[in-house]
Every structure is written in structure tokens, then in C-alpha cells.
Amino acid sequence: MNVLVCIKQVPDMESKFRVDAAGTWYDTTELAWRMNEYDEYAVEQAVRLKEQVKDADITVLSIGSDKVKETMKKALAMGCDRGAHIADDNVSGKEPCEIAGVIAEYAKEKNFDVIFTGMQSQDRGSGQVGVLVAEMLTLPAVTTIVDFVYSDGRIEVKRELEGGIKAKVAFTSPAVVTCQLGLNTPRYPTLPNIMKAKKKELLSIPIKDLLKVDARQHTDKVYFPEKKGGGLIIEGEPAELADKLIQILKEKTGVLA
Amino acid sequence: MKLLLVAEYRDGKTLGNSNELIAFAEKVGGEHAMFMVGSVSSLPQYDGKLFLADAEKYGEYSPTVHKHLLLEVIGRENPEIIVFCHSSYGWDLAPRIAWALKAGQVSEVVDYVEGTLVVPMCNAKLRREVEVNTDVTVVTLQAGAFGLAELPTASPSVEQVDIDGTGAIEFLGYEEAEAGGVDLTKAEIIVSAGRGIGKPENVKMVADLAKALGGEYGASRPVVDSEWVEHTRQVGTTGQTVAPKLYVACGISGAIQHLAGMKKSEFVVAINTDKDAPIGDVADVLVVADLKQLVPMLTEKLNVR
Amino acid sequence: MIFQLTEEQNLIRNMVREFAETEIAPTAKKRDEEERFDRPLMFDKLGELGLTGIVFPEEYGGAGADYISYAIAVEELSRVCASTGVTLSAHLSLCANPIYLFGSEEQKQKYLVPLAAGEKLGAFGLTEPSAGSDAGGTKTTALRDGDEWILNGTKIFITSGGDAETYVIFARTDKEAKKHNGISAFIIEKGAAGFSFGKKEEKLGIRSSPTMELVFENCRLPAANLLGKEGEGFKVAMKTLDGGRIGIASQAIGIAQGAFETAVDYAKERKQFDTPIGKFQGIQFQLADMFTQIEAARLLVYKAAYRASKGLNYSTDSAMAKLMASETAMKVTTQAVQVLGGYGYTREFPVERMMRDAKITEIYEGTSEIQRLVIGSALIK
């Protein structure tokens, strides 16, 4: 069995972000980087699938500068077999369709049985790449999975819908699934596996060899939303305050939808 | 500008988010029509044309079938913007449509300002303005980012849509939410009780408000220490660190240990009699009131809404 | 000279940090209060991650990593829980390591392999009521009786005592020989007839790590349990402590780092006179000193670890590292409590625990005075 896991290196969301000089992305210097949280679940599920079927080979793919190899090493230490690093020093400038195009171009003749991705990235958060890869490769795709069962080419998953409801769906491989938080418990890479990871294949491919899709959108501007600080103070009669507060919640938050 | 709004229907019912689509369309301006795979027995409130595919015939969500139904309508209508909610339905279907139309897709739109789409990035710490290079634009809207002051009361004029086709994904059924232990870190809305609630009986007041808002209730350290609320619900350095979309602090003064556990919340409401309480520093709205009066009133108003 | 961790070392740090923060940290406060050792959490899980045999070759169930990786692991555990840090350090440096260095192939297979795999927990017994760093004062005796040794005596302050399965113990095998000569090392397993446990110490810090008394009353051991050569126990003890100091120094760095980070976070949040206290120069200077001292001590620790990995003599290096790191830990944790003020003195914040935990690093595996003796005598000899 041939498995592909697509991962992204993202800043630790606890970081202090700054807007970059061009004003079209966050400044990537002085940030702590880690594996996109959703992708950790994707890697874990791929490794579990391999443990289940025994005879499987997992390729972990990531796009970015040499720095993303650190994150790929973690995936290798978790149990992926080889790494495909798509070298690109301007990955933040690529929109989801371009990223998906690169992955699809890489994957197209490699006969992957299952392609795992996170359901979205923590930084851009478009949630498009997994589905686009599937559409480009004309494979079935199921998003936001919180349960994954593989049996002899048939895959049964649960999709997380709103309000805690899940939809159970089934399909046959080859297919793409995008992983939601809570799908499993991602393992810590063990010491012996960390040591072994350095011996695993990690090939770099220049992005120009794979980029065949044109960008369909671009970022004009990145900025901080209006600062909190000195929030609104409302005083008055309770009934009046309750109405006012409900109105504010309607206008300022999405929770009363 | 011509928009096509993609409404949602699940398990026999139209979902309530269709008015967010309408609100967005009104903000953009221009004519619009709606599409839904649903049923005439549960139509969205919409004063316009609804292209309706029969859910009886096409079943629950099947990506390929819904894609082809929607493409059929797009072929008839030629919209410039196709609008989805950023939901498990929208984020699944939108990229398929975008790819089929060779259109750019902008996800989780929170605002539309003079022709540009605004989306959050990095856990909403930053905002991004995006422009699409293609003639057709596909967008998904962040839940709750767009709302109508008044709901339309009219029913739509319905035009049936039919295609032939099946999908590769077989729907097996729904599974309802499980009841059980609370995980505050996953809650999108948290209402917390502080020392200001006065006595254990008032925990219920706070829990009721949480329920009315569709969230979970939490508590500050002193309330947990008094064993009025179980420890799993404690927010703060010795409890949970949470970052919900809405955090309502009831009678919490805002000790630094508590603030450390909740200051990453997207929107903070503090209900406190003390205007100068430190919780005010992190609150978007500080309601100066006695929570014992305000909270039940708020709950009641939310419940009748 | 390259002041940069390798990719593996970085991965190990990230992994241990994530593990420590997610699994170890949440119960650190409670375990300290209850003086409770949680073996499944504080040891078995370390075994699953391959930390319990980190520096040993793969053929003995280890991970084949270097001493810097080991130092990083102890440091990261201690950053959230010093008791977990010392559990690993005592197990690996004081029990598994002498068996690796001095054990026969048979002993390595029998004892080291399960220790490295984390199936068995190890402990080390040198200190006695009248002998600590002065190993020559050892009163516990081991007398040869045919194919057996008969042990009698008491060992005190034994980290993981009672919970550990495998013990490396020092006893006098030659009453006539003077001081350091005539001491031998033995491997003893929990459950051996005549081997029992005395009182459990109630301590100021590292309260989640058990410290016990070991009692030997006509404890009979097969001859095969002698570790190293008869009469060379002192050498075994000294070599073992060289390595142990790297562990304790790393523990001290971890404690200091944990307290320092808490202080920085607090200084950014806490407002006085409408200004975060971190904006005040008085606080900034304190934080600057803390950070500088930690970094300096860390470099000494990594240097000692580097020399250990390269097979170079590191006795003085590890003594300097431990001296510097433990005194830094004490200073930094005390200062962190000061930065947090009244809150720092309460159990609401972890710095008071860290301050209590830091003190032991100046005491065990050779007090600061002993480290100065080690360093000083190397200079003068």
C-alpha cells in the first residue's frame, strides 16, 4: 500500500506575530515553528494504517524552504518512511490552488492508495488544499474526519458536522481524507525513532518542476484587527443592559447566529 | 454583480444559516438567487428564486452529486460570486465548485470592504484582504460574520433542478452528539462563574446562561475551591487554558491567574459590579451590573429569541 | 566550535518538551503536595519514549543518542517537574551507567537491557549515615562466603528507593584495606532475601521523588552480582558520579529555566502603577541576570556532556557544570519568587516549588563544596 501525508510547517500560534515588510503576510523571522496541528493527526492516522496493514510505504510531503525539513523529520520519526520536500522559498506567496496543484502533480503517477491531509492550516486556514488535490486527481475526498476505519480497500469514516453531529460515510481507495483535531492521539516520536529518522530518505524537488497551476487569488494586505483595550463599558437598568448586550453579541460575534 | 447563494439542508430540515448568505449578498449588492438540495416542505425564508433539488431523490450530502447539481444551476444562472457558509458542507463543496469553474476561492470571509474580501489568519490574530484574479469568485462565509437585522418573511419561488448521476461516497447515517465529560478547551462559548456569584445555588444561573448561548460553563479558582463547581471546569493557571469565541465572565474580578487562562478568547464580556475590576482590561464589553439580576434576564431574552 | 544543536537534539528537545508539558506538568503540583511518586507517568512513559536508555547502544536496548540529548531530556522534564527529572537522572546515570561501564556482558544483558528499556527502574546506594561523598567511610560490609557475598549495613537518602527494582550498592569487602581501597560494587535486586526498606524521607523539595533507606541484614548475593573488580568499588563510584553530575546539572538548568519563564510571563502580565512590571528596569535587570546565568550554566553542562560523548575526560567539566548549574538554579528560583512577589510565595504559581526543588541540586551527588574540591584538586595536582 502506498500512502501520502501532506504536512505544513506553521508558526506556533502562541507566537507574537508581526506584519512583514511587504504588508502581505506575517513576518516569518523570529517565530517558533511546528507541524500544523491538523497534520499531526494526519501523520498519526497514516502510521496507524501502516501498522494495521503492515505492508505499506508512507511518503510525507511538505512544501517550503529548507526549514520545513525539521518538521518533516518529526513525521519521519513518528513513522513515515520517506520524505518528499518540495523546495520553495516563497511558499507563503502560493495560494491553495497552487499548493494543491503541486501536490497533485507530485502524486499523479505514484498510485497512492490513501492521501491524508489536515483539514486546514493554522495560519492560512483556507481548508481547500485536500479537496482540490482530490478534484485534480479525480479521487473521492472526505473532509473533517474524526474516525477512520480501513478494511481491504474500503474506507469508512465519520465526518464532523456542526453541533457535535457526525456523518458516517464509506468509499473505496484510492481517496483523499482531511483530518480534524481529535481523530486520534498523535504519538510522541520515540528516541530510537528520532535516531532512525535521520537515515530515512528525504528528497528535495524544486517547486518549478511541479508548479503548473496559475494563481487565482492574491493577498493585498495583512493587518491586525482593531485592538481591544479599553473595551466598551455599559451601565444602566438590567433589562436595558441585557438587550444592549444581545445586540452587541449579534454585531460583534458569530455566536448568536 | 450576480450572486448564487448555496443554502444548506440536513436530515429533513433547512439549516438556519441561509440568512447569512442573504446578508452577504446585500452587503455586496446586486441580484441573487439561491440553491439548495432540500425539500419544499422546509424552505428557507427568502424573497427570491430558489433552485431546488429534491433531497428525497439525491439523498443526504454527496459531494459529487451536489457538485453536479450546483454546476447545472451555475450553467443556467452564470453568477459571478458563489456563496457558501464556511461549514462542514461549505468547506467541503466549495473547492470542488471552484476547481470545476477554474475560479478562485476565498475561505472564511468575515467582511467585504469596497470590493475586497477580508479573512482571518493565524487564529484570527491577523486579518488578510484578498483579491481574486478570476472572473468568478467562490467564497465561504465565517459563521456569524454576516447577519440580517430582519429576517425575510417571504417564501422563495421554487425552480426544480434535476440531473442524473451518482457519487463515489456512500452515506451511511448520522450519529448524534454524545453526552459526557466536559472539555472546556473545545467549547466555543464559555460562561464562567466567579466569587461574585455569592453562593453555590447561583451556579445554575450561570450554567443556564451558558446553555442559552449554546456553550459550556466554567468557573474561577475560588468557586472550584469551594467545591461549587467541579475542577474540570476551572479556568486559569491551575485549571484549563481556553480560547473560545465568546467568554462571559460573571462576577470574576480578573486575578492574574484567571486572566492567564482566558485572555486569548476572541470576545470577552465581563459582568461585574465593579467598574474598575481588572477583568475590564481584557473585556471587550464590561457590563456594570449585579449578575444575579442581569444573568437570568439575559438567559430569558436569549431563550425567547 | 559550533554552538548549535543537531537536528536530532532539536527533535528530542521538542518531543520531550511537548511530552513534559502535556503529560507531566498537569500533575506536578499535586504530586508535590501529596509526596506521591507516579511510576506509570514518571518512569514507565519515559521508557515508552526511549528516554530510559537514551545514551546506551541499541544492542543494549538504548537509543544510541549522545549525552547532550540526555542532558536536554533531563532539562526539559525538570523544567516542569524536578522530581521526574531526578528519577530519570538517577536511573540512567547512577544505576544503568555503571552497569554499562563496568558490567560483564552477562550482567549487561541481564540488568542493563531491562533498565534501558524502562522495564525496570534503577537506583544507587552509596551514602550512609557516616559516608557520603567520603566513600571511604563506607561501613556496609560484604563478606565472601563460598560462592556468595553476605551484605550487612544501611544506605540512606536513596532516590527511587523502594520503587526501584535494580540497585547498584557499595560495600566494604576488605576490612583491612584503608579508606578507598577495599570497597566493591554490587548489583542487587528488590526482593533479595535480607534486603528491605527503612523509612521514607520527608523532604523540602523533589517531594514527588521517593527517597528511602535501604537495609541489608545478612543479605546473601551470588558471586556473579559483584559489579567490576573486587576492591575497585571506589573507582566505579567516582566514574558513576562524574556522569551523575551531568544529570543533576541538567536538572538544575531545567528548574531554573522553568522558574525563569514563569517570571518573564508574569512580568509581562502583572501591572503595578498601570504598567506591566516587566517595563520597570528593576525587574528587567533581574530577568537579564537570570537569563545570562542560565545560559552560561547551560553551556558548561553541554560542554561536559559533549566531552562525555566524545570519550574525553570530563570529571572536572561535570563538577564545574554541576556547581554552576545548581547555584544558578537556587539563585534564579529565589529571584523568580521575588519577581512574583506575594503570588510567588503561594502555591498558586510553581516558582515556590521550584525554589524548594532547586536546593537539593546543591546537595546531592556531591555538595557544592565537594564540587569545588574536585575542581580545586584537579588544578593543584
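Observations, loosely collected:
Residue numbering begins at 1 within each chain, and the chains themselves are lettered A, B and C in the order written.
Keep this in mind: a residue touches a chain if its C-beta (ideal position, glycine included) is under 8 Å from a C-beta of that chain, and two chains touch if they have at least 3 such contacts.
Just so we're clear, the structure is a prediction, and the values are computed from it rather than from any experiment.
The greater number of contacting C-beta pairs, out of the two interfaces A-B and A-C, is seen for A-B. Central chain assignment: A. Criterion: smallest distance from chain C-alpha mean to the mean of all protein C-alpha atoms. Computed from the mean C-alpha positions, the centre of subunit B lies at a distance of 51 Å from the centre of subunit C. Centre-to-centre separation of subunit A and subunit B, using mean CA positions: 21 Å.
Subunit A and subunit C have CA centres that are 40 Å apart.
Residue numbers of subunit B whose C-beta contacts span two or more other chains: 281. Residues 7-8, 10-12, 14-15, 18-19, 48-51, 54, 58, 63-65, 69 of subunit C are the ones that touch subunit A when the two sit in their complex. Against subunit B, in their complex, subunit C makes its touches with residues 29, 265-266, 269-271, 343, 348-349.
Listed in rising order, the residues of subunit A touching subunit C in the complex are 34, 70, 73-74, 77, 188-195, 197-198. For subunit B in complex with subunit C, the residues that touch the partner chain are 221, 237-238, 256-257, 259-260, 278, 281. Residue ranges on subunit A touching subunit B, taken from their complex, read 11, 13, 17, 19, 26, 95-97, 119-120, 122-128, 131-132, 135-136, 140-144, 156, 158-172, 175, 182, 214-225, 228-229, 231-235, 238-239, 241-243, 245-246, 248-257.
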